[in-house]
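Below are structures written as structure tokens.
One chain, chain A, appears in both complexes that follow, with chain B as partner in the first and chain C in the second.
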Partner chain A sequence: MLKKYPTVRYISQRAIWYFLTFLIALSLNFFLPRFGSDPVDTMMAQAAGGLSLEKAKEMEEGLRLSYGLIVVDKQGNIVRDTVIKIDTVVVRDTIFTTVKESVADSLGNALVNERREIESIVLRETLIERPEAVARKASVVSQLFNYIRQVFKGDLGKSFENGKPVSEIILQALPWTLALQFPAILLGWIFGNSLGALAAYKRGVFDKALFPFALLMSSVPFFVFGMALVYFFGIIWEFFPVAGGVDKSLLSPNFFEFISSAAYHYVLPFFSIFLILAGGQAIGMRSMGIYELGTDYIKYAKWLGLKETRVLAYLFRNAMLPQLTGLALSIGQMVGGALITEMIFSYPGLGFAMLNAITSNDYPVIQGVTLLITTSVLLANFTVDILIALLDPRVKASLSMDSK
Partner chain B sequence: MLKLLRNLIKEPMFVIGSFLFLTTILAGLLGPSLYTAHPDAIDSYVQPFKQYELESGKHIKYWLGTDDLGKDYVALLLRGLQNSLYVGFMAGIIATTIGTLVGLFAGFKGGIIDDVLTMFTNLFIVIPSFVVLVLVSASWPEGRSLTLIAILIGLTTWPWTARSVRAQAASLRGRDHISLARINGATNLQIIFKHILPYLASYVFMVFIMQVASGILSESAISMIGLGPVGEGSTSLGVILNIAKDQGALTDKKWWGIFPAAGVITVMVFALYLLNNSMEGVFNPRLRK
Partner chain C sequence: MRFMKKVACGVFVLSFAFLMSCEKKEGGSIPRNETLWLAGSQWGDPNTFNPLVEPWLVAWPVNDRFNLMYEPLIAYNSLTGANEPMLGTLISHDTEKIVVEMQPEAEWSDGKKVTSTDVKFIYELGRRFSHPVFSGFGEFISEITVDTVNAKELVTFVVNKEDRNNPLAILDMLQAIRIAPAHVFEQYLADNDNDFNKTKDIKCDKDPVVSGPYTLIDYNNERIILKRRDDYWGNKVLYDGKLPVPKYIVHPIYKNNDNFAVNLQKGNLDASMNYIPRIDEKRKEGVSTWYNAPPYYVPGSIHFLYLNNTKAPLSDKNFRRAVAAAIDYAAISRRALSNYAPEMKPGLIMHSGLEKKFYDEAEVVKHSVPLGDKEFAKKLLEQSGYKPVFDDKDVLKHTLDPSGNILQPISIKAPSGWSDWESIVKMVVEQLRSVGIDARTGFVDGGQYWTSLPSGDFDMIMRKPPIAVTASTPWSRFNAVLSSRNWVPASGGSNMYENEGRYNNPSDPSYNPRVEELLKAIPLIVDQDSLKAAYVELNNIFLEDQPVIPVCHLPEEYYQFSTKVWVGWPTEKSPFAPPQLPWVGVGRNTLWRLELAGK
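Moving on, here comes the complex of A and B:
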């Protein structure tokens, strides 16, 4: 049907693939937290202290409901089964003995007087059957479907810490993360690739100086570099603020105040992501560039006497494309690292929200944040895939070959 | 083989990288027996984050000070180094084994097996492994051992190996010596292990080095956010950093709580990257010059 439009067909194929990946990611997001221990049990263990039995039960049921772990009928009521629960009850048995006493009445006749006396009290355990309404457990498959249905409705559950809807927490954090990571990753990629291409082309001193430095930069873990920046630029020299996304002491900042304060807080986390990323990209681009320099088409172009800038343009274009594929593949890793950077800087984005959730075992928030991260990474990948299809003549050619 | 080694030794990156990495391995292996202070011994006389203790005027008791509880940082670092190396190597071995096998079969077999395996590989490449690590670790509040974390890392990072090994194996598939082996009646397994794997050995080794580096990095990252190994004796470099940061070492200018551990991680990873890059230069002569 779409044979005439190979690019459209390719994009729709990719879209389907990413949608399937999304569903699998969703299932992983659902199953993985259930590997270790029942999250509801863990939460209850933390929260149930000090609650009465009924309250605790009600809370547990609510949690299970919000997780989609129990069956709900069409009206949204919890389906309960009556289960005969057998309880062990301690019964107090009193054992009496009859004591016979011979007494004489006033006339002197002997009488026998019987009197009951407590001999002992015995505690004894006994089983009592008692009917109890218990919410019906949903099967794992229907739990998964419940979860997926809830996610598509935008319902990610409620935070266990403060009862806020998880989607609200995420929506508050998301703009910060996007504003930090999107430019840092994009600019880091562009800057690193330009440096790498330059090093490949110039070689010599520039390459010798840049290469080890780029290698060192790319081997510094995100959080180490972040902490070094905090330590020197934030604490020792006090050039920049070390925590937060904006000055909290501004009570009702106007637009300009807000922007300038946010920009001031932005500098350190931005550079800590940007520089490390650029280092890694420069190394990749350098080897790509050197490889391309040795190819026949470059030699041919040189022999033809084409202008140097023209040759360089060909070189960059061809070396850039594998780097673009590399970007698509490593966005997930980059985002993971950048999230830790947010944690170091207490930047109010998703990473920090996740850190807070981790320290308080707030499962719904952890799960919500991880789901959103995976989704954004998939979206970013999809975008890069489309870009490659549009930019790379080789992909285009193979696409139209396929459709013939 | 000898020629290869001679070429490698000429490469300054290789020399520096192997020197640095051997030093860290030796420190991890021999350190605890040379530096006998116990990492869990708490010196309750020193204040939290004591920088160093001068005894009788000249003898330095704590070379790198103590942590918030009064534990000797040098002893902690040595144990952390040992544990980080353990996780790195174990994760590296798991990831390289799975990845190489998947990549070899996909690349060699081609066809539908290749399609399925490649789809599976790509799936786990695009789903961030960091997310998987966080989800599993967070649901495992007790009994998160070093080994468990190493296995988790190994199970989440293999797709990178699979991807690159697949590409290499696929390029070998059409070679003459493979066809010859097939005509001679060699089975698929024989071809894969006798005629393809040896060609890729140097490549797989390079991939292994990168996997160890990424194992060390992943462990320190997951520990850094408080989801690292728990239990006695499982202090890793990331755990040291996590505790130091939580106790305010960074904001209180207690540099010795942060930078020695951070430096050791960086040096290890840098050494591995140097090794990898120098080998790439030797195996791929066009990068040399």
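Moving on, here comes the complex of A and C:
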């Protein structure tokens, strides 16, 4: 039916696949933290010391109820099942044993055999059955469906650590992550690619100076680079603050105070991403550029005597296609990639929230953030697919070929 | 490309504008020389400051024994053992009742008096609504009565003789439970149709009604800021009319442990209460502790290796005693704990501080195995029928039990990432193997650790019972380690929140009823000599049975401070307040004594 519109068909096909992937990711996201440990147990072990068994049970049920881990009926009462518990108890049995005793006379001759009963106590372990009303645990399947339903309603649950809604935590942290990562990635990409294209075209001294530097930048792990920045610029020379997103002693600052403090704290984390990314992009663009320089159309353009900037523009446009895919992907992954940068600089973004949640086994927050990461990676890939379909004439051509 | 740039700029500006909208308008950064920077009590995102919410969900300084915003009736001084006055004064306490006189001058920040109504509100809240903390009070307190004598209110807490019969625990409560303004919360309850959960959703973060010397003025996920209340009632009554010196107290929220040490050394942080290894090396940067020499800190709590008393071979008393003898405690303190643990003495009574009066060296030596004596451990194992088997390279292969079966290696659990505990466990494994006990490390994820502890799913496990140094120490420690009041078997999936190693099974023939008798009797003993006799007897039973292994004595809270900005901190030489951060218990007295450095 969509045969006439190959692009629309292509996009809708992609959309269905991505939606399915999203659902699978959602289920995985639900199951992963449910292996092994239980947040209520953690809280109980820390807070329930000295409580009587009944009180401890009451407290545990209250906690499970508040996290939706047990079943309630329509009136909100806890549904209980009677479970037969088997306990080992020790029973004391009195046993009478009959023994024969020889009684001897004064000369040592056996006279009579006397029968006597000896009473003794024997301990014996036995099992008793004891009925106990136990709150019914919500089944994993019902928890899953409940989870998916809630996610589509925008309710990501509440943090185990402080009872704050997860969506609020994400909304609070997301602007920091975006403000740090988006400009760093975008500017790093533009800067790196321009340098790479220039190096490929100019060669000579410029290339010889740039290439080793870019190679070094792209091969240093970004967390090592980040830590080195903290150590030298933060601790040794004290040019920039070591940690945080904004000065902690600011009390209700006005707009300019806030922006200037935030900018001051922004420098180190920004460069830790920017330089590394620019280095990698410059290397990629340089080799793409050198490849494109050897192609016929550039030779033709040069032979025609076109202006250098014009040739460079053609070169850039053609070499950029694979780089563009890389850009979209790194924007998709920026939320996840933020984790380590934010950890090093104690930057109050999403990665930091995630790290905090992981150390305290705060599953709703972990799930909320991973869901966001999954969604943004999927969305970025989807966008790349569409962009390529629209921009790359080769793909466009093959699409219309298919439909014929 | 230009479009992309515009988008980038837009996002940048918008996101900061969003952040800005969370901020109030007042302006300025708070001056360093009027501000005390303290850290270590808040790790996560602060969410609510409501004193009725479960303590683990509430943010500093409302969540624990922090007496800055809300105050308890009395405060326990862990240095002198005195119960110091706060909102009330302890008049008398015996085995029947505890009487507290309310401070007539005490008032809330809205000008209303703090009265017995506020006290009854919080202590009786558990009768009206289900609450994990407040609901337990009824087991200890049967009734709260109020008498007015000479215009002074006397509040009497009657000990619940039928249930717990434990006046010591009530004394603990009086200093742990902070009084909340009844008039404010009754109004909240009335506004919410008596719905307790809705009342708990109120965050109490805007102009809260408090009784303490500081109040909350601002917070976000990077710090919490408190400001001094110059009209605090206690300045006149408790502190000779002086004001606390710092005008602001800031609690920066660090997630990374390295931040503490770095900021202390740079003078950005004035004091912290977290574990910093090798504190001695930071001394030249102006970082100090209570003592200038090892152990640097004042010991207050014991870290244990809990043993599973229901599982062979640890169900064998002699095997447990051999484990206690085999461990080299001095080496652990030296190599794993930066010398923070003082010399180890056996038993559950510390040989330092206020507990020292119950410690009887002669009795301990008589009943305990010699600590760190490998030959003794080897001999004891041999006598009890355990036999180590070595391979041809002299490496332990396994251990045989008395009937000749190969023992499963004993796994010692600890949460992974807790570096001090991890190194303790590694050393214990090494030492146990050297006497012929087949042991191995079992580092598990934090969540798994907390699950296996109460359910008894372990051979050996590192554990620090959550016990504060209070009026009830060391009884509370004995109770946490030995009590079989709530004994349930490990197999049935039931949890125990004290005596997790399941010592002294009441339905087992080896049950020793004397342990429970003493645990019940000690809180009621008034005469000091009989009290010591009871403690010594209980400690002797512990030493004979060795149900758990005390590994090291460490501080209840680490307390280190920097003298770069503020001086006048309490230390061994100037012990006017206990070694606590100036917000815990009576540690807050420090706030009235601090001075700016170089003045």
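We adopt the following convention: the second predicted complex is superposed on the first by the 233 of 404 C-alpha atoms of A that agree within 3 Å, B and C clash if a C-alpha of one lies under 4 Å from a C-alpha of the other, contacts with A are read in each partner's own complex, and residues count from 1 in each chain.
Definition applied: a contact is a pair of C-beta atoms (placed from the backbone, for glycine too) under 8 Å apart; a residue touches a chain by one contact, two chains touch by 3 or more.
Here the structure is a predicted model, which means the values were calculated and not measured.
Chemist: Scan A:Met343 for contacts with chain B and chain C and give back first, second, both or neither.
Modeler: Both: A:Met343 reaches chain B and chain C.
Chemist: Is A:Leu355 contacted by the first partner chain B, the second partner chain C, both or neither?
Modeler: It touches chain B and chain C both.
Chemist: For A:Asn381, select first, second, both or neither according to whether it touches chain B, chain C, the two together, or no partner.
Modeler: Once the two structures are laid over each other on A, A:Asn381 reaches chain B alone.
Chemist: Could you tell me if A:Val79 is touching chain B, chain C, both of them or neither one (first, second, both, neither)?
Modeler: Neither: A:Val79 stays clear of chain B and chain C.
Chemist: Who does A:Glu161 touch here: chain B (first), chain C (second), both, or neither?
Modeler: A:Glu161 contacts chain C only, not chain B.
Chemist: Quick check for you: in the superposed arrangement, does A:Met44 touch first (chain B), second (chain C), both or neither?
Modeler: Touch status of A:Met44: second partner only.
Chemist: Of chain B and chain C, which one touches more residues of chain A?
Modeler: Higher number of touched chain A residues: C.
Chemist: Per the contact definition in the header, classify A:Leu215: touching chain B only (first), chain C only (second), both, or neither.
Modeler: first
Chemist: In the superposed arrangement, which partner chain does A:Ile16 touch: chain B (first), chain C (second), both, or neither?
Modeler: neither
Chemist: May I ask you to decide whether A:Arg203 touches chain B, chain C, both, or neither, giving the answer as first, second, both or neither?
Modeler: First partner only.
Chemist: Both chain B and chain C contact which residues of chain A?
Modeler: The answer is residues 36-37, 39, 42, 235, 242, 343, 355, 359, 361 of chain A.
Chemist: Going by the contact rule at the top, pick out the chain B residues touching chain A in the complex.
Modeler: On the chain B side, the touching residues are 13, 119, 123, 125-132, 134-136, 138-142, 163, 213, 217, 220-221, 224-227, 241, 245, 250-251, 253, 255, 258-259, 262, 265-266, 269-270, 272-274, 277, 280, 284, 286-287, 289.
Chemist: So in the complex, which bits of chain C are touching chain A?
Modeler: 1, 4-5, 8, 11-12, 14-16, 18-20, 22-30, 32, 35, 43-48, 53-59, 130, 132-133, 135-136, 139, 169, 217-218, 220-223, 225, 248, 250, 252, 254-256, 259, 262-263, 266, 417, 445-448, 450-451, 453-455, 465-467, 479-480, 485-486, 488-489, 492, 495, 497-498, 507-509
Chemist: Show which residues of chain A lie in contact with chain B when the two form their complex.
Modeler: Contact set of chain A toward chain B: 17-18, 21, 24-25, 28-29, 32-37, 39, 42, 203, 212, 215-216, 218-224, 227-228, 230-231, 235-236, 242, 283, 287, 290-291, 294, 329, 332-333, 335-337, 339-340, 343-344, 354-355, 358-359, 361, 363, 366-367, 370, 373-374, 377-378, 381.
Chemist: What does chain A use to touch chain C in their complex?
Modeler: 36-39, 41-53, 55-56, 58-60, 62-63, 85-90, 123, 159, 161-164, 169, 172-176, 178-179, 182-183, 186-187, 190, 235, 238, 242-255, 257-259, 261-262, 343, 346, 348, 352-353, 355-356, 359-362
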